[in-house]
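Residue numbering begins at 1 within each chain, and the chains themselves are lettered A, B, C and D in the order written.
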Amino acid sequence: MTIDVLYFAWVRERIGQPRERVETSAATVAELVEELRGREPRYEAAFADLNALRVALDQELSDFDAPLTGVREVAFFPPMTGG
Amino acid sequence: MTIDVLYFAWVRERIGQPRERVETSAATVAELVEELRGREPRYEAAFADLNALRVALDQELSDFDAPLTGVREVAFFPPMTGG
Amino acid sequence: MATIRVQEAPFDAGAELDAFAAGRTDVGAVVTFNGVVRDDGGALAEMLIEHYPGMTERAIGKIVEEAVRRWSLADCLVIHRYGAMKPGDRIMMVATAAPHRADAFAAAEYLMDYLKSRAPFWKKERSADGESWVAAKDEDEAALDRW
Amino acid sequence: MATIRVQEAPFDAGAELDAFAAGRTDVGAVVTFNGVVRDDGGALAEMLIEHYPGMTERAIGKIVEEAVRRWSLADCLVIHRYGAMKPGDRIMMVATAAPHRADAFAAAEYLMDYLKSRAPFWKKERSADGESWVAAKDEDEAALDRW
């Protein structure tokens, strides 16, 4: 399946781009992260510490355990600092 | 001694005037109240329920037990409703 | 570091908010409270607010002083009207500015709780049915216990 | 019964306060919060706020919906900017209107706590020393537990 993957804040800076289309057969967010980490050092740098990251599936906060079934947009970012 | 006595809100309305000078030898607020109640029915009506009244001595909230020594201004009023 | 105004005239809440702590770069949070004349039954013609000139300013001064002592505030404003007001009119305004939001919120709530029960104002409502003094609520007195 | 605006342009806090719940006679209390760019060390040149278009509006919408469900509110406003801001600039504003002050205060604090940690904004500070992302604080996450 093809998923839009979005990056924000320092995750975006480490990856070097705000979004990309990813062709994957990952069943969960964690599996997608593993695939990405295997690609290039910049992904390894961005995903080094999952505790420092949050994930949203189709614009809803989710977990790294969550299945990707039917998901069209995955976003990775650090904890939010609004307000 | 001579004291300025002030009345606010429905206390003022029952007494029928906002302030007056009172010549008294009362030692405490409670004694002053007893003196005033003895004067006329309008004072009796205003001071019927002391639990419904508050007192300030020289513009500081105080108690009915408080001594009047050195006090120049006594004010009687219902619980405040600011804000 | 604090402004207190007791006045009969209306005030311009928006202009007050714009001017309050304006240009200060040590402030991260500004909280305001505006008290408004509320007409529950649709019958209120007027609210009349009486106060105790002299004591009012002293009492508010002491409340503000205590707020400044308790929380880390950059600035503090209290405006309270007296006289006649219509439903929807703004009665009073409190503003607090602080580096952090917890201080600004706590101080504004503290100021409101104390202004409600410890500043010498009394409200009378005038409607077609007649006039009546607004009674103090037990819950307003109880609210002071949390501080 | 609620307005949400996510925008790059500055907003006029005073005009927003004046217009908010204006003329309503069922409102007794209006609370506002303004978040301001704070410069602790005197070295901050700029704050840059990034957000997640689409998710931002959804996330704020859900937070507002929950506030409206929990408290008796007459109206509710959230404005949040993104882009570049200078020290002293107003970043965002929350306003709540309610018959009683306890609801207006609680809802405003709830909105702020959730906007802080659950709305997809990220802040970067740029100073003479370079750039750095503002880290989320444990206390902000902990603040959610009180609700």
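Quick note on the criterion: a contact is a pair of C-beta atoms (placed from the backbone, for glycine too) under 8 Å apart; a residue touches a chain by one contact, two chains touch by 3 or more.
Fair warning: this is a prediction, and the values are worked out from it, not measured in the lab.
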Worksheet entry | Chains touching both subunit B and subunit D | C
Worksheet item: Measuring centre to centre with C-alpha atoms, which chain is farthest from subunit D?
Response: B
Worksheet item: In whole angstrom, what separates the CA-based centres of subunit A and subunit C?
Response: 48
Worksheet, complete the sentence: Between subunit B and subunit C, the Cα-mean centres are separated in Å by 26
Worksheet, complete the sentence: Averaging C-alpha coordinates per chain, one finds the centres of subunit C and subunit D separated by a number of Å equal to 22
Discussion item. Quick check on subunit D: which residues sit in contact with 2+ other chains?
Written reply: 35, 101, 112
Item to complete: Going through subunit B residue by residue, note those that touch at least 2 other chains and give them in order.
Response: 83
Worksheet item: For this entry, which pairs of chains touch?
Response: A-D, B-C, C-D
Item to complete: Mind listing the subunit C positions that touch subunit B in their complex?
Response: 35, 50, 52, 54-55, 58-59, 80, 91-92, 112, 115-124, 133-136, 140-141
Response to the item:
Given the complex, residues on subunit C that touch subunit D span 12-18, 21-40, 42, 44, 87-88, 99, 101-102, 104-105, 108-109, 112
Worksheet item: Residues of subunit A touching subunit D in their complex?
Response: 6, 8-10, 12, 56, 59-61, 75, 77-83
